[in-house]
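Please go over the structures that come below.
Paired with chain B in one complex and with chain C in the other, chain A is shared by the two complexes that follow.
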Partner chain A sequence: MQIISWQFVVFVLVVLAVYYLLPRRGQNIWLLTASIGFLATWNVYSVVVLVVTVLVNYYAGRKIWRGDVKQKKWLWLGIGVNLAALFFFRFESSGYLERAIRALLSLSDLVNSFEMRILLPVGFSYYCLQAISYLVDVAQKQCKASTNLVDFALYMAYFPRMLSGPIERARSFLPLLSTQRVVDNEAISRGFTRIIIGLVRKVVIAGILSGYIAKDLFSSPASYSTLELIFQVFLYAVWVYNDFAGYTCIVRGISDFLGIPLSPNFNTPYFAHSFTDFWNRWHISLSYWLRDYIFFPLSRHLLRRKVNPRSAIYLAVPPLAAMLASGLWHNFGAYMIFWGLLHGIFQALEKLSARRKPVVKWEDRPLYKRLASIALVFLGVVLTWIPFASGSLSRVGGFMKAVFTSTVIPDITTLWLIPFFAITINFGLDLLQYRHNDELAIRRWPVFAQSALLAIALLAILVSFLGSQTALASFVYQGF
Partner chain B sequence: METEQTTLQIHTPAGKVLRQALATLLIALLLLEGGLRLAVTSGWMPDPGPGTTNADLNIKMPMLDALAQREGGVDCIFLGSSMTNDDVDPEVFASRYGELSGTTVTCFNFAVATLTGEIAGGLSQILAERYHPDLLVYGTSARDYSKELGARALKDDGWFRYQLGEWNLTGWLKEYSMLYRTYLKILSDFNPANREYAISVRQNTSPYGHFVVHVNVISLEGQNTIHEETLLKKDFAGLKRLVSLDGAGVSVVVMEIPVHEAFLPEYVNEKSEDYYRLFFDPATEILTKAGIPFIHTLTGTRFTAPDEEWADLKHLNNKGSARFSAWLADEIWQLEQAGVITWGED
Partner chain C sequence: MDSDDVKVKLKTFICTELLNNADYPIMDDQPLITGGLMDSFSLAQVGVFVEDAFGVYIPDTDLTVKNMDTLNLITEKILERAG
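And then the complex of A and B:
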């Protein structure tokens, strides 16, 4: 069941109606049942994987919490099982395992005739990271091991965040499940605003842009002019952001209706003034996970090994490792590893260059310098979308070659105005959120202005649904 | 004992912003809808068409509406793929038929590029119900029964399904909302995939629906040929659906659309026999059973045109279409004289 579907709307309405009637304990059981039901609409196999993962991690968490002499063994065993499963599914879904098996059994036509592809279980790469963070936090006594299997299973399976996060932390999420939830006017208003913003991002902005991003951009870049190639990558950058941020807004809004606030995942990322800042604004829940469980432990490890905090090793290795892990988490393809490494290199270079400069607060810098920083980071990020979107390293090469050698004359028509319009809405919305440092800044406006804007948004969403020639239902990050 | 609070704690009045937004939206939509209807009926703005996934249909439907309004109805409609679209000039046909019969008829070519038998079945029903023509001429060829062609997408179009009795919101809106149809037209005009084709159709289609072609390229290169063991049953089922309209106030005639003589041996599996075995014979069987006249163009009283009258090996250009349309009027007149069909009488 896709999130953008009538079936999902009915599903959520039924979940809410029953949820509001139940006492707290019953609510958790109901939400878990609904979450498993939601997952089962994708495939039962994903439910089986989820159940096994929940049981393994619940048991490991209890063992770790007891703090006996085998605590560390249980921690590493738990992390190992989660990582091995993630590695296996990633390796398999990237096609490597199938190729290896086919190569080994190439003589057997019978085997070749079978479909060997095992699907990545729905949501696994997200809840697997939640499981690891839970085990580490329990071992570090940052949260108690859950003694309630229903609550723990709900932490892992909670349907609003199942498909693409946000990746929640047990220490903040589990307490929400053991307290009475209140959904008042404020929560409904907040949730509704989030859903509308999410739909505008996903259905209107990303929906428009998806129609203008050439399907063969990376397979035959030579058929486009340099200007078109560059413009298309910009379109991709805005599209991928709105697609993912739109999804996040929608599921956070739904969760607000349940009285369970979810973590933010985006904070105007294209207004970042450095690459480090970008990762504090883009896919925040993953980025913070990488920071807490790879970047910081590695930095601490280097410090313990007496590495100079101003040395190149100390400044470069943690961001490179964290970003490499980010690339691998997305996909095992060389192009995605390259994407991660590019981000790691940018961050490392930033840290290395900063050590010789005096620290000047962002607010104290002249406006032109601030704008230049934002533009530079934006251009760098757009550049990194090329390997991300390409699907292979050879295509990256082909694309870059075409950018510099294309002799095609650009076909500039009024058609370009439509994606420009979508980009303008995106940056307008972002600017509003950035200036107020509030994703729901629209709610500060006078009622009549909010009503007018909401009317326009509803109309835009309605016509986008009705007029769409492209599939709006799926989200790009569902694939990860 | 402490009682648990309820989760939902909504205090009224609630939802002021939403209520105002919905009211604003409703008023704005009604004003826009009214304004656009006024603009179209007053002729200040062209009818945007039904906003289907098919550019030909979107352009031709308002043209047919305008013609029917101007002439008080249409007497005959031609239906088919691009081959019929290019080959039949309704003006020439009506003129020749008028010479033969002494009556004045109004005809329109509603052929749609890549139309298949399956879609023709549904479309013919829609046209018959909306315009009540006396005569429906379906020009068909082997291509209409082979592989997946573009116009098959119409099958999933809301408007198309709505017209055939399957209620759906988009179909209803496309039928009744001028605002929605205008929006779809703007969207289509700005869609890079449709834009050039739509411009070409608008520029080259006569007010009677004939797509006028001036080129003349006689070459096998680039011609789509069919390489299939069997042709599609669903398209023959569409043909059956189309001919079933005969008698319910409309006479149905099916014609074999001509191809250049050099193309026939290449057309289906590079064997002339396969053209007959896979297409012609099954079509003849269906039409014979239904008692529908089948005008042959490649055998019997065959239609021939010199090389310079072909746009390519499957389509006639403007010269060829003039010759073919007059020839077709002769054939229809003969059928009428033989008492096989009845139409065109007031």
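And then the complex of A and C:
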């Protein structure tokens, strides 16, 4: 069941209607049942994988919490099982496993009859990271091992965040499940605003832009002019952001109706003034996971071994390792590893260039320098979307070659104004959030202005939905 | 462990090692990360400094903006972990 569908609207309404009638314990059991039901609408196989993952991690967490001499063994075993499963599913979904088995079978007749298709279980790469963080936090006594299987299973399976996160932490999520949830007017207003902003981002902005991004952009870049190729990558950058941020806003809004606030995942990433700042603003829950479980341990390990904090090793290795892991988490393809490495290299370079410069407060820098920093980081991030979107390294090469050698005359028409309209809405939403440091800054406006904006937003959503020539239902990050 | 002593040592470390300016006038309640002076990734260095200088281990997952944004907050965390 896709999130942008009438079935999902009915599903959420039924979940809410029953949820509000139940006491707290009953609410958790109901939410778990609904979450498993939601997952089963995708495929039963994903439910089986989820159940096994929940049981393994619940058991491992209990063993670790007991703190006996085998605590470390259970921690590493638990992490190992989760990583091995993630590795296996990623390896298979990237097509490597099938190729390896075909190579082995190539000497026999079996190769002709061999067919393999193991899908990546829905949501696995997200709840797998939640499981690992849970085990580490239990081992470090940052949170207690759950003694309630329903609550722990709900932490892993909670349907609003199942498809693409946010990646939650047990230490903040589990306590929410053991207390009475309050769904007051404020929570409903917050949730409603988030859903509307999410729909504007997904259906209006991403919906319009997806119609203007050429499907053969990376397969036959030579048929486009240099200007069109560059323009298309910029469109992709705004599209991928609004697609993912739109999804996050919608599911956070739904969760507000359940009285369970989910973590933010985006904070105006294209206003970042450095690449490090970008990763504090883009896919925040994944970024913080990588920081807490890869970057920090590695950085501290190097410092404890007396590596100079201004040395190239200290400044380059942790960001490269964290961003390489990020690339591998997305996909095992060489193009995604390249994407991760590019981000790691950019972070390392900016840290190396700043290692001896006295820090100047952001507000104290001249305006032109601030704008130049934001523009430079944005251009760098747009560049990294080329491998991300291309699907293979050879396509990256072909695209870059076409950018520099294309002789096609650009076909500039007034149609180009429509994506600019979508980009302007995106910029307006982001600027409002950036200036007030509040993603719901619209709620500060007078009631009549909010009402007028709501009416325009609903109309735009409806028109975009009905007039869309492209599939709006799926989200790009569902594929990860 | 004296709170003022902790703050003085922290301030010296942050100004010289992280801000590259020994004379930077940071206030006890001045936001260091949300105020744009440091990035949250620099907290790894703060964590190891706290281990070396005060013998207190702050877990990686506690090295957050919420816990470590000002000198007051970092000091509070150190004293809490020192127990």
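Some notes on this structure:
Criterion: the second predicted complex is superposed on the first by the 471 of 480 C-alpha atoms of A that agree within 3 Å, B and C clash if a C-alpha of one lies under 4 Å from a C-alpha of the other, contacts with A are read in each partner's own complex, and residues count from 1 in each chain.
Rule of thumb we're sticking to: a contact is a pair of C-beta atoms (placed from the backbone, for glycine too) under 8 Å apart; a residue touches a chain by one contact, two chains touch by 3 or more.
On a predicted model such as this, the values are computed, not experimentally measured, just so you know.
By the touch criterion defined above, A:R291 lies against chain C but remains apart from chain B after alignment on the C-alpha atoms of chain A. In the superposed model, A:G207 lies in contact with neither chain B nor chain C.
By the touch criterion defined above, A:G123 reaches neither chain B nor chain C.
By the touch criterion defined above, A:R304 reaches chain C but does not reach chain B.
By the touch criterion defined above, A:V463 reaches chain B but does not reach chain C.
The intersection of chain A residues touching chain B with those touching chain C, taken from the two complexes, is empty.
Touching chain A in their complex are the following residues of chain C: 17-21, 24, 35-41, 43-45, 47-48, 51, 59-63.
Here chain A touches chain B in the complex through residues 19-20, 23-24, 27, 180-185, 188-189, 192, 211-212, 259, 414-415, 417-418, 447-448, 450-452, 454-455, 458-459, 463, 466-467, 469, going by the rule given at the top. Within the complex formed with chain A, the chain B residues making contact are 4-11, 14, 16-18, 20-22, 24-25, 28-29, 53, 169-170, 173, 180, 183-184, 187, 190-192, 195. Of all residues in chain A, only 133, 136-137, 140, 142, 169, 171, 274, 276-277, 280, 291-293, 295-297, 299-300, 303-304, 309, 318-319, 355-359, 361-363 touch chain C in the complex they form.
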